[in-house]
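Each of the next two complexes has chain A plus one other chain: chain B in the first, chain C in the second.
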Partner chain A sequence: MFKNWDDVRKTQDGVARILTNSIARNRVSHSYIFEGPKGTRKKGVAILFAKTLLCTNPQDYNPCNACHNCLRVENNTHPNLFVIDPPGKVIKKEVISNLILELSKASLEPGPRIYIVIDADRFNPSSANTLLKTMEEPGQEVYQVLITENYNSLLSTIISRAEILHFLPINRSIIKDYLVELNVNETFANIISQYTSDLPTAEKLAKNKETEEIYLLVTEIFQNLTLKDQSSIISLYQADKLFTDNENVDIFMNLLIYYQKDILSYKLNNDNFIMFIDQKETIAKLAKKITKNQAQEYLEEMLDLSMKLKYNINLQLAFNKLLMILERGYKYATHSRSDTV
Partner chain B sequence: MSYKALYRTYRPKDFNEVAGQRHITQTLKNALANDKVAHAYLFSGPRGTGKTSIAKILAKAVNCVNAPTANPCNVCENCLGIQDGTISDVIEIDAASNNGVDEIRELRDKVKYLPGYVKYKVYIIDEVHMLSQGAFNALLKTLEEPPAHVIFILCTTELQKVIPTIQSRCQRFDFKAISTIDIIAKLKEIIAQENIIIEEDAIKQIATYAEGGLRDAISLLDQVYSFNPGNVVLEDVNQICGAVSMQTQIELAKALINFDSTKAISLLNNLISHGKEVKKITLNLIEFFRDTLMFSNLQKLDEASLLYGHQEFQKIAKEISNRKAFYIIDVLSKALNEINWSNNPKIHLELAFLKIADNEDNSNSNVLAAIDEIEKRLMELESYKDFMEAEDKKESQEIIKNIISTSQKTETPVIQEKEPTIFTEPVQTTEKVEVSQPVIDQVEELGEEETVTEETDTEETIAEETLEVEFDNEAEAIDTKFEEMETDEVKARIETEIVEDVAFADEETAEEEIINSAEIIKKELCDKISNTYDIRFVEEVLNNPNKQDKVSLINRWENFPEIEDEEDSKYLASLLETGNITASSFDKIIMTFASTTICNTLMIPSNKEIVMKIINKKFNRIINYIALPSSVFSDITKEFMERYRMGEKYIKLSEIVCDGLKDVSQIEKVVAQDTKPKIVQDAIDLFGDKVKIKE
Partner chain C sequence: MNFSIQTEILLNNLLISQKALSTKTPAPYLQGIKLEVFDNELVLLTSNSDISIKLSIKDESLNVETTGEILIPGRVFVDFIRKLDKGIVEFSVVDNNVLKIHSHNTDLSLNLLNVEDYPELSFHLNDLPIKLESKIMRAVIRQTTFAASSVENRPILTGVNIRVEDDKLIAIATDSFRLSQKKIDIQKNYENMNVVIPSKSLDELSKVLELDLDEILIHLNSKSIVFEYGNILFQSRLLEGNFPETSRLIPVEFPIILKFKLNDLAIAVERASLLSIKDNYNSIVKLSLKPNNEVEITSNSPEIGKVVEEIDPVEKIAITPIKIAFSSKYFLDALKTFNSSEVYVKFTGEIRPFIIEGADDPGLVQLILPVRTE
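What follows is the complex of A and B.
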């Protein structure tokens, strides 16, 4: 949790600059969109922003971190702070309607009211449209922060009503070095640093057994592709337990994409972009089996699937289909002999 | 009082303040001034173009104390009341949150009550596209004939979602995206009032990024001012938008144009680590290449674009071909579409870069240009092709004819001379000689013309002459030596024959004649066959074997084409397919067949001509051939092997002797002359007189 804006400045200079300037000059806009990759601590900044606005004893633009309001914000118990983070893949219209209703009433405590929507890309069209009017004119001293990883999936009418703050991704190598220091396998560290740019999350993932299992599963799948008589679909079935968690599915999908990208990178002789460093041999073998176009095709297939994962689809079948496509491509590659150069 | 965002502070208060949309403000002003305000309006257009603002101005204008007036006064009680939202007769409804039938019914019920303070009750229904089907229909009747004191203003960004029955009941106004110039003008107004210090270029950049949405532009201005309150420069704007600076754009574009995917991707990584947004990068690149197209093709300067002044941009624009630019824009646009929905936008863009770079391998624009050139040449070639084909056909036909006629010509006199010795009387023979005299004379004349005067040996002249006609230097189809040998022999034979003839003329004894003729008949048989089945031909092929060619011929020894104007070609081709190639010396081959009949058929000169045409058409070269029964050929090979073992260098073989083989060199188009079907002819050939034809 950020204590003051100087902490934010270390990693997100631009964001800190805009917000502190706005606060100091009393030019705080009523709505912001915080946009940036996973692990850039957007929510932390949003909470700090709320704390600064609510603090009864602010020092310049920094909150005091000692007053009643600050403490309550920290514990997420302040009645004027609404954090909207409903479970599920969609933020429904009812949630927004309730919020609007709540905001239309007089506040319980004096001072500004702030609502923060976590993962605002989960809005469905009706909830997004419902929010539009409120976003434009939320009423006296109401501030709103929408947090998202990809603001392009928001309605353009929402975007135009807010100020957008871009969060910079954290330098990957810092995370990687940090993980390596923790005695994490270099390849594994490399991949995790690609997946998240948040240190605590990265550490958590690195220590998580399941993540490691997923990593092993992915490498196994690709190693199986080099063998004619092994199908990875079975290993996928055996790892069924892993896929009960949405986060794990996301990691799995991303690792597949990274691996395929490595193959493509190898194909293009961009060796230094390779993430699965200790898999180089397998990557080389697989790269020889397919053409550049095929490699691109499979990568596109995976990206396509990763987009579909947002919806309610049958995961097992979707992954099976993907593996079949890969197996057809890699195992029965017809031109493998002629294209080895 | 807390701070109000600039775009809310600077909402236009009357029609004159509205940026752009002159076609709409003018219409509305005239309608207001003439007191001809409609009861329902439908405003549609993209975000930030002033729909809600104009709706509010309209609400003020109709209720202003000075009404009818073109513009609200903004000083009277009514105007101020509506502005502050204290007059409850102007009702703003958010259709997105009140989209059910129930809400609309409630609205319909309230419509009939008179307004409380002002003349008109104005319903501003925002985001009207979110109404449900039922709600739309519930609104229909009210919308068509509302009470006189009610005005509806419907606003939407998505006109296509509004059902046509609603659209037809309203006056429709389509709002356009505000032009960059209008945005700049409006921004400058605000900048002047807010005392913001900002670079001219930065304003341009803000206006460009707003993409026609004034609200976006003002928000952005608000933001950059917070970012750098001292002096806003272009770089600040780029940084906040996540946009790419011009220099980097140019570098990236260069990498793409040079198909350097590695460099492009590392530049991309660099940009992203500086917080640039993938979508913006893609958009920037698309714009960049669009600008290059505009610049190189139209030379038209769009003042709002910053790029045109740039030296390097101009250089790139001049160098890049349209095709390349189109291709790059195409790929990037596709990627952009995917980026909008993906959680891995970076990978999508990287893929797009790879695709562009891939272009180098597959359909590089240089290659494409080359293809254009090739296509052009191909067109030229094709026009020649028909001509050449016709020529070629003629030529090859001539050559084949010549080959056949050579053997005929060289042989003809021999037979003409010989035949009488066996079957005719001496007197007739002399006549024959006389008859043949003019022919020889003719040949002599020919020879003289060619300045090859060998009067003593007419036969040789003929042979050599035909040779000259037949073969160019490159085609050594028939060995000169072989020809000479043949003619030499022929000459010798003629001499002996003539001597004999003279003897007959002198009326020698009949006995002698019989003895002579008996010997001759035997010799004749060989000779006769050798006219058609010449062992020297076999010798030559066997002594100059070309195994590679043989294999290649065998591999393609099927599917012979037809020759259009020859009836028999199909039949001959089918015969040909049954044969085996046993030896080849490139321009001469030996084929073996199961039966002697087939051999005889194939060796008939007229047929041979057709067969050679077929072979020519199939293999594109002239191949002379000899067809032998497989039994004969196996004898020949045996003999050849024996002699080969003995170490002979040029192996000479004994003459071909076989019962079934006939001299067919004199038969002219047997098949064609005969009305009988070929199969019957074959049967007759096989079984002789025993064949009876059932009618």
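What follows is the complex of A and C.
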């Protein structure tokens, strides 16, 4: 939890400066989109923003952290602060309708009202449109913060009505070095630092057995691609229980993407971008089998699948299909093609 | 905090304050009752964010040793006090977060909620509140809230518009298909006001107004409304936004005026409505004034059958015959608001809204939009 804006400034200087300036000049926008990768503490900044607006005794642009309002913001018990984070992959329309109903009444306590939507890319079209209606005519002293990792998946009409603040990814090497100090395998540390830029999350993942299993599974899948008589589909079936957890599925998908990116990097002679450092040999073998265009094509295939993961799709089938495409490409390449760079 | 009080006194007050107790709110702190203990006063605070009730208890049996404030889990507390034997009940807080309740042979330790989480409820009182007879207030509520919209598409219509204009207080509710308006005289010239109160809050208020007290004071400001009724302060949030301008909706000239005995009319419409049992809102009845001056109420449902009710108006002023169709539910709801034994139904045209007024209900107008039928 951020206590003041100087803390934010250490990692997100730009964001802190924009927000504190508008607070100090009393020109706060009614809607913000906080966009940035995992672990950049967008929610923490949003809460601090709410606290600053609600604080009864602010010092310049910093909240006092002592008044009744500040304390209740910290406990998430302030009646004027709404944190919308329903469980599930979709934010349903009724959640937004309830919010609108609440905002249609005068506030219980005087002062501004702030609502924060966590993972706003979870809106479905009908809830996004419902929200849009309130964005068009925000009540007096109603502020909204939409938090997302990918603002392009929001409706363009929502984006155009909000001010977008980009959160910078935190320097990955800090996380990597930290994990290596904890005796985590260097490649593994490298990959986790790509996946999240939040230290506590990174540490949790590094210590999680399941994450390691996923990591091993991904390396196995790609190693199998170099062998004619091994299919990874079997390994995928054996790892079935890992995929009951959404977080794991997300990690798995991302690791596949990283590996494919490595292959592409190798083809482009960008060796120092390679994340799976100890897999260089396999990467080199695989890279020789396909063309640059193919490498790119497979990467797009993966990115496409990762977008679809938030819907209720049959994971087993979807991953099988992806593997088939990869196997067809890598194993049954008619001849090792020489690239025309 | 340490005090004791007569069980029945506490219970009677708790039963009132629990009306504002949240049951299904996401905020756990609103499920609590806040107790504020002063030297010779006990204050109970409850809120479900829409309505809040503040009760002040100053009773001879109240004996305060140390003052303080706590937040008690509401439901358990009320249920427990309800089951206690008569007599004195003692309360004391130990370790800052446990409330000990002692009465006769009973001992209860109740874990408290964090009182710091409780919202600051303003209960803003004016110097010059509007004074009304409580039975008039209850009548106004009964005569208007039913007409407010229950669909939340346009939140502003779920409320009752209260206007203070010179020496009149006007309450209006509409769901855009019907409208109910009640004007009452108020004694003095208060500051003009125009607010919208959620109709649910008013329904709750009318349940609270059951004590044997004559007077109710209304404290209005732009953010909230507080009703003062004896030792009870009842606060409601207001709906934000502008209530539609309704004064032009009510016609002023009526070429056709029919006067009926209220009971006869109600029974006739009720019988006619029985045929369309699909659902209440869709049961359409037709009223026709024939050239020979008979009034007929009919309903036709091809699958079930047809009803024809003949009804004699007590009086009529009519230039032309008319045939008008409307929802029987809206019509019956409107009739229920009158205390008169005779009502006027006034028409301007077949597809124009018509109004109902009572012979002995000054200031009350019910307006209904007709339905087009071929």
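The working rule: the second predicted complex is superposed on the first by the 336 of 341 C-alpha atoms of A that agree within 3 Å, B and C clash if a C-alpha of one lies under 4 Å from a C-alpha of the other, contacts with A are read in each partner's own complex, and residues count from 1 in each chain.
Throughout what follows, a residue touches a chain if its C-beta (ideal position, glycine included) is under 8 Å from a C-beta of that chain, and two chains touch if they have at least 3 such contacts.
All of these numbers come straight from a predicted model, not from anything done at the bench.
J.: A:G139 in the overlay: touching chain B, chain C, both, or neither? Say first, second, both or neither.
T.: A:G139: touches chain C, not chain B.
J.: Under the stated touch criterion, which partner chain does A:N314 make contact with: chain B (first), chain C (second), both, or neither?
T.: neither
J.: Looking only at chain A, is it chain B or chain C that touches more of its residues?
T.: Counting residues of chain A touched by each partner, the higher count goes to B.
J.: By the touch definition at the top of the document, which applies to A:N254: first (chain B), second (chain C), both, or neither?
T.: A:N254: touches chain B, not chain C.
J.: Which partner does A:N75 contact after superposing on A: first (chain B), second (chain C), both, neither?
T.: A:N75 sits against chain C, while chain B stays out of touch.
J.: Tell me which partner A:A106 touches in the superposition: chain B (first), chain C (second), both or neither.
T.: In the superposition, A:A106 contacts chain C only.
J.: After lining up the shared chain so the two structures overlap, which partner does A:S97 touch, if you call chain B first and chain C second: first, second, both or neither?
T.: both
J.: So which positions on chain A get touched by both chain B and chain C?
T.: Dual-contact residues (chain A): 97, 100.
J.: Chain A touches which residues of chain C in the complex?
T.: 27, 29, 47, 49-50, 52, 114, 116-117, 119-122, 152, 155-156, 198, 223-224, 237-241
J.: Taking the touch rule as given, give the residues of chain A at its contact with chain B in the complex, in rising order.
T.: 14, 17-19, 21-22, 25-31, 35-36, 93, 96-97, 100, 112, 125-126, 129-134, 136-137, 140-141, 149-150, 152-153, 156-157, 159-164, 166-169, 171, 254, 257, 261, 264, 268-270, 273, 292-293, 296, 299-300, 303, 306-307, 310
J.: Applying the document's contact rule, which stretches of chain A touch chain C when the two form their complex?
T.: Those in contact with chain C are residues 68, 71-72, 75, 77-79, 97, 100-101, 103-110, 139.
J.: Could you please specify the touching residues of chain B with respect to chain A in the complex?
T.: 2-5, 8, 46-48, 92, 94, 96-97, 99, 126-127, 130, 157, 213, 215-216, 219-220, 222-223, 225-229, 239-240, 242, 261-262, 265, 272-275, 277, 279, 338-345, 347-348, 350-351, 354-355, 357-358, 361
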